[in-house]
Structure formats: C-alpha cells, structure tokens
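Here come two complexes built around chain A, the first alongside chain B, the second alongside chain C.
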Partner chain A sequence: MNIFEKTWLFFTQDGAWAGTGGIWQRVAEHLGYSGLILICAAVIAVPIGLLVGHTGRGENAVVAVTGALRSLPTLGLLTLFALWLGLGLTAPVLALVILAISPLLAGVYSGIAAVDRVTVDAARAQGMTESQILFRVELPLALPLIFGGIRNAALQVIATVTIMAYINLGGLGRYLIDGLAVRDYPRMVASVILVAALALIVDLILSLIQRAVTPATSKELS
Partner chain B sequence: MTSLNRRRFFGLAGVSASALALSACGISGETAFGSGSTDGTVVIGSADFTESQIIVEIYAAALKKRGFTAETRPAIGAREAFIGALEEGAVGVVPDYTGNLLLFLDTSATAVTAEEILSSLKDALPEELSVLEPAPAENKDSMVVTSETASSLGLRSMADLSAHPELKLGAPPEFAERSYGLPGLKSKYGFEPAEFSPINDGGGPLTVQALLDDDVQVVDLFSTDPAISRNNLVILEDPGNNFIAQQVVPVVNGKLVSVAAADVLNEVSALLTTEDLVALNDRVSGEEKANVATAAGDWVEEKFPS
Partner chain C sequence: MDSLVQENGDSQASQADRQKDRSETGAAIEFRSVTKKYGSHTVVENLSLTIPSGKITVFVGPSGCGKTTSLRMINRMVEHTSGEILVKGQPNTESSPHELRRSIGYVLQQAGLMPHRKIIDNIATVPYLKNVPKKQARAQAKELMKTVGLSEDLANRYPAQLSGGQAQRVGVARALASESDIILMDEPFSAVDPVVRADLQQEILRLQEKFHRTIIFVTHDIDEAIQLGDYIAVFATGGRLAQFGTPEEILREPADDFVSGFVGRDRGMRRLTFASAQNLPIHPLEAQDTPWQKWQLKIKDGMPAGWETEGRTIPGGSLFVEGGTLRDALDSVLSSPSGWGVVVDRQGKAIGLLNSDDVLDATEEERYRRYGVA
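Let's look at the complex of A and B:
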C-alpha cells in the first residue's frame, strides 16, 4: 500500500471526521484561530493603513515596518512568546498577528495611496470633509487592493496556523505535528491536503465577497 | 535544538540488524576479545549529539591518563551510521544507551530491566561487536514534577500518580501514542492525566516553562537534563519499568580494542553517574558554554584515578 492509499485510508477510517479530534473539529479550530488572528491584525493594520494612505505621512516607516515584520520567523516568535506568556492562545495568536499585519497594512495603505489624486482633489473642491473623502471616495476606490491584502493575509494565516499545534493547541496542524512525532507520514499528507483545501476554499469565498462589495466603477478601473 | 535532535535520534528504531545477530560467538561479556593485537591507538566515535560527545571525550581522556593513545571521531551520525562504522572498523568504540541500542538491533525486543536488556544485547549484537560494562548513568524519559508538587501531593513514584487524576501532563506529541507514553502510564500505574498537552520541543525550554508556570504539573524530560537540577525538579521513580533502562555503555569492536583498554573503559563506566552527566551537560549547554573536551577532561582529572 503506497502513501496515497494510506492517506485515503486516513480520510475514510471510522471516526476520522466526527467527534473529538476528528477532522471537522480540527477544521473548526483552524478557522476559529485564523479568524481571531485576522480580526486582531485588522484592528491594528486597517486604521494605520487608512491614516498613512490618506495623509501620505509615515509611508517610509510603513514600508520599513511591513518589510521587517515579514522577515520575522513565526515559529521562533511563537516559542519566544510562549516562554514569556506560558501555554495557551495568547502566545501563538500574537506571533501570527505579527505575520498577518504586514499584508493587511500593505494592502490598505497602498490601496488608499493608489487612488488618483485628481479624484481626491475634486472631492475636496466639492467641499467634502477629510473623513468624507476617506470613507466615501478613497476607501471604495481602494477596495480591490484592500481585498487583495485581506486574501493574502488569510492565505498566509491559514497556512501558518498549523504551527499552533507546536504547543498544546488544536487546528489541522495537530495531524502534521503529531504525525511527524510518530513518523506517520500518511497523517501528515492528510494534514497538508486539508490545509491547502481550506486555504483555497476560503480564498474562493473571499473573492466572491470581493466581487459583491466592490463598486462597479472600481471594477472597471481595476 | 540539542534535545530535539536527541529525541529524534532516540526515536530511530530503524533497520533491524537482527538478521546479523549471531550468538555472540564465544565473546562472554567483559573483556575476552580476539587475539588480534592492536597498535595501541583506540579510535572512539560519537553520535551526533552533545552528551555522546562528552562521553567520548571522557573515554579519550581516561585512556590517555593511563598511557593509551586515543583519537576521537566526533558526530559520526545516528545509530545506523555509528554502528556501521564500528562494524567496518572505522572506529573501535562508541558510547550508546542500552535500551535504545537493543530496540535498534531487535525492534521486537521486550526486555525492560537493565539486566534483561544487557543479556538480550549480547545476543542481538553482530558478531564483531560487543558491549562492555554499563555505567550507572542513564539518559531516559522520566516523569518530572516540581518539588512543590512532589511535597504537597506526596509524590515519590509514578505509582503515586494514580491518586491524582486532576494532574495535567505535558510531553512531546508522540507520548500520546507510544507504548511508554499515556498507554504505559495507564496500564502500569493506572494514571490518566486530566489533560494531555502535546509540546513539540522534545523536553526543551517550553516544556520546562509550562511546568514552572503550572500550566501542566507533570512533564516528560530526559533524566540528564540540567533543567532538572537547575529548577530543583523531582524525577518520579519508575518501579514498573515503564521507561526501559538506558544505561550508558561502550560498544566496542573486539578486534580493535585491547583487553587493557577495555578495562579502562569499564572503570570509567563504574564511576560515571547520571548526576555526572547532568553536571557535564549543564557546563557544556548551560550558561558556561564550556568546551566539551575541557568539561570531560575536568571530570577525568577529578574522578578518575591515574
């Protein structure tokens, strides 16, 4: 029996999907962690991105910081934070929020900054306030790029949430880490397939939402 | 990282060489080697982790102290590699751990006590190899608690755990499934922890921190981990031999090691304790970052008579 047949067996065995430690539970955990991380990262990244994109101040800092955050090894951060904060959700969520901030911030900032200045000036000439300009003109026009950032962040987070199983948490990484520990390679292959499938499905859903909420004008522009 | 490698290393049950295992061909333990004379140089190889290198440097320093010529071949690799090197005669001596060596040679071995393992080893080893006297020093998985937990719950042995099902246990993920892990604790001691926390750093700093933070109350650490003495932790006794014996033992190619040199190694084994290994690991991997040869040389200087 080759590894693919054994992997198939993993998916079809009794109790593979339902129940404690089953695939559905792991998928739910995986999505829960990912959602929590994306929301935390968005709370930090979106206001900063809007502000910097709108005012044009601090662009260099944003570019430098997002670049630097991108280069931090997430597993190293996870270990560092877990040594500081102990086991539990906080340490890995913090490590992954740092991972997710970078694409979100880049998307929001560049989306706003890329809006044609002539359009912004026209809005200002009509007497719109700065916040009206930001939320009624710049933000809708920036949505395609912002959504690009969200999809990028979601993909990275869903793929990397697997490392939360390095400590005592769940998610689909459990199969990967536990499988490696006992050299159960079919279980690891199954984990990889599930994570990839989940990432693709989430990306597909996000792209549909993107299509639904993006204004017609900017669809033509993009 | 060292402990992660070690864990991986121990896990390598790998290829069984039992097909080669003949009945040790007249080599009756101790030092009765073939008549082939040696040129006096003993070549000692080590596995690819720090503790093995420390033991190798101890062997070398002890032999030199008695006027032998000794050379070291550090970090040959995992067990497959260094047993192969011994059989080929590239090295004459390699230190190993009795339990894991036996499981490597015979994956179906069932011996658990130090004596059983030693006598099974003699049958399982290939013809040209034999083991000398094992040391009291052992490096094996151990159930460890803080001294506060030990005193407040009155824990001395793993048998005491069954009265405390509220305890949480932290260990590498494989502990959930291996026979010495949760299944062994349940069948040998009737202990099922309230929660099992898989921590994937092979008994490293995260595991120790989780114990100190009281996230878990019992953890699986290696018995020679300096973190045990540094944090005043308590190793629970294992009367039911859940974790099989892992005594440090020199594995030798009889054609390459003289009886006199083997006697020296036997003397080293008689003196080497688990506490010594803990202290040596601490000097090399801890704050001091001592050179392996220096730390080993100091031990020989202090403990080994000339």
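Let's look at the complex of A and C:
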C-alpha cells in the first residue's frame, strides 16, 4: 500500500470525520482561529490603511512596516511569544496577527491610494466632506484591491494556523504535529490536503463576496 | 493723432459702459489683494479683481501664471496666503469649505465623474449631499441631461461608457445641478477634440443665454477666451494680473508687451470676431464663374457637398452659418476652392454664396469704422 492509499484509508476510516478530534472539529477550530486572527488584524490594519491612503501621510512608514512584518518568521515569533506569555491562545494569535497585518495593510492602503486623484479632487470640489470622500468614493473604488489584501491575508493565515498545534492547540495542524511525532506520514499528508482544500474554498467564497460587493463601473459588469 | 483720440474716446465710453454694467448686476466675486505662496514661491501675486455677476469671465494666460490657482482659491480648493476673497459679498472663509463648495458649481478639465456611479447619480451629486430626496434629485438630473444636450438613454450608463465630449456635458450638468449662481470651469474643454470643443463652447453660450450664471472659465487658449468671455483677465507668468477688460478692449489696446505678445500675431483676425457680417450681400446659389474656371456648388439633400469643376469634385471649405461674424465669413471665402464662401442656415442647408471681394471690402470698412480714417 503506498502513502496515498494509506491517506485514503485515513479519510475513510470509522470516526475520521465526526466526533471529538474528528476532521470536522479540527476544521471548525482551524476556521475559528483564522477568523479571530483576521478580525484582530483588520481592526488594526484597516483604519491605518484608510487613513494613510486618504491623507497620503505616512506612506513611507507603511511601506517599511509591511516589508519588515513580512520578513518576520512566524514560527520564531510564536516561540518567542509562547516563552514570554506562556501557552494559551494569546501567543499564537499575536504571532499570526502580525503575519496578517502586512497583506491587509498593503491592500487597504494601496487600494485607497490607487483611486484616481482627479476623481477625489472632483468629489472634494463638489462639496463632499473628507469622510464622505473616503466612504462614498475612495472605499468603493478601492474594494477590488482591498479584497486582494483580505484574500491574501486569509490564505496566509489559514496555511500558517497549522503551527498552533505546535503549542498544543487544535486545528488541522494537529494531524501534522501528531503525525510527525509518531512518524504517521499518511496523517501528515491528510493534514496538508485538508489545509490546502480549506484555503481554496475560503478563497473561492471570498472571491464571490468580492464580486457581489464591488461596485459596477460599466453596464457589462453590473 | 486723430486715430489716437478716437481710440481713447472709444475706450472711455466702453469702460463707462462696463462700470455701469457692473454696478447694475453687482459683483459676484471679489479678490482683494490676494496672494498665494508655496513656501517662498509666489503663485498669485497681490490679485485684486472684481468679477461681475451673471457674466462669463475668462482667466487666460500661459501655464504657470496662476489662473487655475486663482480659480481654485474661490471655492477654497486652494487656501490663499493673504488678502481676502469675497463670494457674494461674504469672505469665503466664513463658512466651512464643503458648505462653500456645495454652493459653487465646479467643472473640471477631465470631467472627474465618479466611475462607480451612474450618469444620473453623478449629475445629482450635490443634491444628494444636500439631502434632496433621491426621486426628486433624479428627476431634476434627468431634466438637466436634456438641458445640456444628452440623450436620456445615457442616464443609467457609467462614465466609462461615455465619449470625452459626453463626459464633459455630464460635468456641466453636475455643476448646474448645484443650482448655484456661480460656476467655476477649469479648462473644461482642453481635453476634447476641436470639433467637440466648438460644440461645447456653443453649448455654454446657449446655456448662458438661458441661465445667466456667473461663470469663471479658465483656459490657456486666447481664442476660446475671446469667444466665450464677456470679460477676460489676462494673467502673466509669476501670477500677476496683466489686464482685465472686455475681449475687444484687450485686442484693441493690450495693456503691455506681455498682453500684446499673448494675444498674438492673429490679433487682427481675432478682432474680426467682433464685426458682424450682416451687411454682406448673399449671392444666389447658381453656377459661379471665376475668371479662370467654372465652378458648380454640389448640393445633396439641401446641404453643400463640395465644388465641381471640369468633372472633378473638390471638398468644400468652412461654411458660413447665417448670422456669423466677419471672421467666419473671411474664413469661408479663404478656405473655399472656388473663392466663394457657402452660406448655410442653422439647419445646415445651403442658402447662398459669399463673394471674396465683398468680404475683403467689409474688413476694410470695419477698419475705417474703428479708426475713422480712410
């Protein structure tokens, strides 16, 4: 029996999906962590991105910070925070929020900044207040790029949430860490397949939402 | 000497007219010693200017002369450094910038429409901001589409689906929708092709006849300034106001070398714009002989369709529309292959011919009339 047949057996054995420690529970945990992390990252990144994109102030800082955050090794951060804050949810969430901020911030900031300045100038000249310009003009027009950032962040977070199992938390990473400990390679392969599938499904759903909320700019699109 | 006296007399009279005109209609906008600096760089220097209400005032000058900055200081898109700008008698710093801007229409060079809003909603931008009910704002917007010559079919399209000329008409409709007496236009027609530009210029004059708004129009094109302006403010490099007056005054007596240089070598031609061609005889539409060739004007569905000679058809020149200026008349005879200018009515139907000798005589008469010497 090769490894793929064994992996197939892992998916089809009794009790693989339902119940405590089953696949569905791990998927739910995985999604829960990912959602929590994305929301925390969005709370930080979206307002900063909107502000910097709209005012044009602090652009250099944003570019530097997103670059720097991107290059931080998440596993190293997780270890550092776990040593500092102890085991529990705080350390991995913190490490992964740092990971997610970078694509979110870049998406929001560049989306707003990419809106044609003539359009913004016209909106201001018609008598829109700054917040009306931001929410009625810049934000709707920036949505495609903002969604690009969200999807990017979601993919990275879903892939990386596996490391939460490293410090005894749940999620699909459980199969990876546990499988490694007992050299159960089919279980590890199953973990990888599940994470990849989950990431693709979430990306598909986000792309559908994106299509629904992006304002039309021509009749063909509406 | 004689001619000088005459000239001065003329100009005093028209200046008096202008004063009278202004006191009757009142000032819409007044610049009082307004200066704009960016750091140590002066963009507009000590500008004092009274813009009469209900008229088209054109700010004209080369790039970097501060004309657009001056325009944008009116609705505080640019804040002035010192001095005071009065809008309908009130300093423009009294209300908040967005309140001020909602009360002043603004047409931009590149239309500047919201790409994610339908045409009808673009036009209704300011009414929406003023919380006019959506239904009412849209009904008004639809009305305005007709006013600026846009088909109602375009109401539910998006700006990306319009031509440059249509987009500018939407821009004008949007400015009209603010229902303000003052409309600022920042080089609105410089990005469209010459044919569309000429259409839009006619449209502005037609709308102005109807609405009598105070329009401040920025352009770098002196011809456009002369065609549209009741008054022209010529700006010189460095943000200095070189001259303010009617187009005729500016062409007749440029205040300094800068202005005469700017109004250019075609000054004589441009002045013909102010001469009426109504006394020109219109000759009947029959075969016209020139000393060396026989020419026959071809007519298709009543419209002129070129000139025929010795079996060949040659495209015609510019057409002289009934009621046009002496400049139009001169152009029609100069550009016509036969030397005969073609007169058309407002529907474009050929109704007669202009003789080049008549037109040249008329330009001579115009000169006598102006200077009083034969």
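The rule is short, and it goes like this: the second predicted complex is superposed on the first by the 217 of 222 C-alpha atoms of A that agree within 3 Å, B and C clash if a C-alpha of one lies under 4 Å from a C-alpha of the other, contacts with A are read in each partner's own complex, and residues count from 1 in each chain.
In this section, a contact is a pair of C-beta atoms (placed from the backbone, for glycine too) under 8 Å apart; a residue touches a chain by one contact, two chains touch by 3 or more.
Quantities reported herein were computed from a predicted structural model and do not represent experimental measurements.
Of the two partner chains placed by the overlay, neither chain B nor chain C lies in contact with A:Ser207. By the touch criterion defined above, A:Thr90 lies against neither chain B nor chain C after alignment on the C-alpha atoms of chain A.
Between chain B and chain C, the partner in contact with more residues of chain A is C.
When the two complexes are overlaid on their common chain A, residue A:Thr55 makes contact with neither chain B nor chain C.
Common to the chain B-facing and chain C-facing surfaces of chain A is no residue whatsoever. Listed in rising order, the residues of chain C touching chain A in the complex are 75, 77, 98-103, 106, 108, 110-116, 125-126, 129, 156-161, 174, 178. Taken in their complex, chain A has these residues touching chain C: 116, 118-119, 121-129, 132, 137, 140-141, 215-219, 222. Looking at the complex, you find that chain B touches chain A at residues 11, 170, 172-174, 176-178, 197-201, 205-206, 209-210, 213, 215-216.
On chain A, the positions that touch chain B within their shared complex are 79, 82-83, 86-88, 165-168, 174, 177-178, 181-183.
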